[in-house]
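Pasting in a structure now, in structure tokens, and then I'll have a few things to ask.
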């Protein structure tokens, strides 16, 4: 029979989360819905936002080569950055895991601390480094790699380098979290069964790290595809990605409906990538790991 | 566990150099005595640090960001703590959905959030208000705050609360005397992380900031977008230094891993 | 009238029945154990008595007062948790003081009570330490002290010794029992350790699948188990599938096991039955004597007993020979097994539903 305390227990969680729920529903859901609606409005260069509904914005975004080029560039950039983060991030995490306690803690701190520094500051540093007279060019000329300064600012290459710097800590975090869950005795079992260290690594350890590498890749890909500050500052006005294109529409062209459309496409793509890939990783690896 | 060979250590050194390079170059350049971005080859100078004090816009943006961060993180904590308790202490239908809902700002591109808030403020006439800007930050940082408190709450031995009840304490007393003190490390860590996220926030804020509500990252971005001068480097150097201190503090109190992974 | 009275107590989680119509009457000052394997519902029962879980049906009364719907913090029961659940942010003294503070005690009276309780569990001098600075055994004593300080009418112990090492556990059994006797507190212990239950209890409630299979003194529960479950859970036993035979007279029984006819303790059953004999009741001697012939398969020395596994026509029989003198027979030797027919118990094959 339901008693007062059972009924109270059922109300409690809702009571406790009510303030946060109220804030989120009114200030997160509502704006997002409004933006969705906004993307369906028409826009006229002279008169601004018109009070009619149309799918023109979506058609434009999906058919105009200008925007398609931007999306392809964004996706390609995200893919390259993700790949590079895997290539340099995973080995570094492994190296970290083999260090002794104190050094390990220090270097982990050094690698993760930049996450707490504003992206503006980090990107500023790269603007300085990648300039024509910047340190990178100076070192390359000193080493004889090139005779003349290579132009890196306002190129996709420069953006990619800077983005790798911004994103690699996320990869390290993800792989690190997975390494923490590894049972060291599994590696010892492999060795005891006669597998030389290299084989043990590729056949025993690396497969266990895959879920962490994959979920790190998902995070890096999604964040890179949505990146704004770094492509804006290093890529410049002419190298547009999805986020900077949306920004342009909102604050320059003032074509808010089109901006909203780009933003929503970015949002949906993000969700598909994150949720879809996470589901896939979970299903693929569920039988291997629990929880 | 094998040790790292020389090849691994070389790779590691290059990696760390890569990580530190942009930060170091900023600090180095900030000591230049020239009026443009250059290395301080002719001697160190504090010229650009002194210039900070005269940079009225940047200074007021700094104080504004500080105030914004403090208010936003405190508010986020007040919302996050009961919600985290609701989600860790009770089994109820919709629990998973609620967690996902509160974590959703992490999955939504900040550009999208910025655009959404811009549109919302525009329709409701809320632009230029400190309060409403603060609420956008609150929404952005609640996931970080909640993740920390959730981790602390799940790590706590539940029987301890039952022990308090068995000894005669009312549920409120149990919360106040037992649960809250034990959650304190997670709460403080979550608060600090929220503050940092708010203080550093750029992409979303750039849509909704106005000249009257200018945060430091947005002010710096606007500055850099037009010209790069050593002033931003000295400001950045100060920020780097401040963040280092805060990082060490977080590491001492909670442990940086726990803060960033959400589960140490 | 019993002091702690549980009637028809039941708890269901969805479709899973954790506790199924439990009846239990505990006298004032009595020490009762709920003994059973994990999943038998003993901890759930304890949590319902403590008030942490709400029963699906049934009532709980203390000293005649129905407390079933009383909130946990108002029940005034002392609870010792399996993980001890000490407040990590408080010293030993503050931990113990907490319950007293909730009762409005303060100052001198509180300090005296704390001091008394610490002496009772022999922890004097440690009042300013924090739990993390104590050993496992010390933490356990603090947990006990904290529960006893409030002078509860009922003491509930949820497997409090399971985290101690064997030697310490044995010592705590005896000490705990002495404390309980001294204070004469009505106590309910939940455990899966039968030695623990038998050492400390006045009566044992053997639990299985949410019900009490047998409620009896340790001796009776062990020597005269009323069900298959009780006989196999408490101690070790040899079990034979047998056919009931009409008895020769009133003072004994007979069964047929395979080709053999065994004399047993008297029983009143028909058809297929189970016959049990405990390993320590069997006497082993060299070949050729009167009794069941067999051959030693395994011989292990366990300290206080020699454990033998003997292959016979009735199957593999386990024998425990007390270590009063060395057993000169070895693996592979032929032997003769004999026992007192009174020690062969016969029980029906179906589970007995209740005590």
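Every chain is named by a letter (A, B and C) in the order it is written, and numbering of its residues begins at 1.
Simple rule for what comes next: a residue touches a chain if its C-beta (ideal position, glycine included) is under 8 Å from a C-beta of that chain, and two chains touch if they have at least 3 such contacts.
By chain, UniProt protein names: A, B = ABC transporter permease.
All of these numbers come straight from a predicted model, not from anything done at the bench.
Peer 1: Name the two chains that are joined by the greatest number of C-beta pairs in contact.
Peer 2: A-B
Peer 1: Give the label of the chain whose average Cα location is farthest from that of chain A (ABC transporter permease).
Peer 2: Between chain A (ABC transporter permease) and every other chain, the largest centroid distance is to C.
Peer 1: Nearest whole angstrom, what separates the Cα centre of chain A (ABC transporter permease) from the Cα centre of chain C?
Peer 2: A distance of 57 Å separates the two centres.
Peer 1: Rounded to a whole Å, what is the gap between the Cα centroids of chain A (ABC transporter permease) and chain B (ABC transporter permease)?
Peer 2: A distance of 17 Å separates the two centres.
Peer 1: Two or more other chains touching the same residue: where does that happen in chain C?
Peer 2: Expected reply: 71.
Peer 1: Which positions of chain A (ABC transporter permease) touch chain B (ABC transporter permease) when the two form their complex?
Peer 2: It comes out as residues 9-10, 12-17, 19-21, 23-24, 27-28, 30-32, 34-35, 38, 88, 91-92, 95-99, 107-129, 131, 135, 162, 165, 168-169, 173, 176-177, 184, 187, 197, 222, 225-226, 228-229, 232-233, 242-243, 246-247, 250-251, 256, 259-260, 263-264, 266-267, 270-271, 274.
Peer 1: Using the touch rule from the top, collect the residues of chain C that touch chain B (ABC transporter permease) in their complex.
Peer 2: Residues 50-52, 71-79, 81-83, 85-89, 98-99, 102-103, 146-147, 150 of chain C touch chain B (ABC transporter permease) in their complex.
Peer 1: Using the touch definition up top, name the residues of chain B (ABC transporter permease) that touch chain C in the complex.
Peer 2: Against chain C, chain B (ABC transporter permease) makes touches at 157, 159-160, 162-171, 173, 177-178, 181-182.
Peer 1: For the complex, which residues does chain B (ABC transporter permease) have touching chain A (ABC transporter permease)?
Peer 2: 1-4, 8-9, 11-12, 15-16, 18-23, 25-26, 29, 37, 78-80, 82-83, 85-87, 89-90, 92, 95, 98, 101-102, 104-105, 107-113, 115-120, 123, 135-136, 138-139, 142, 146, 196, 199-203, 206-207, 216-217, 220-221, 224-225, 228, 232-233, 236, 239-240, 243-244, 246-247, 251, 256-257, 260-261, 263
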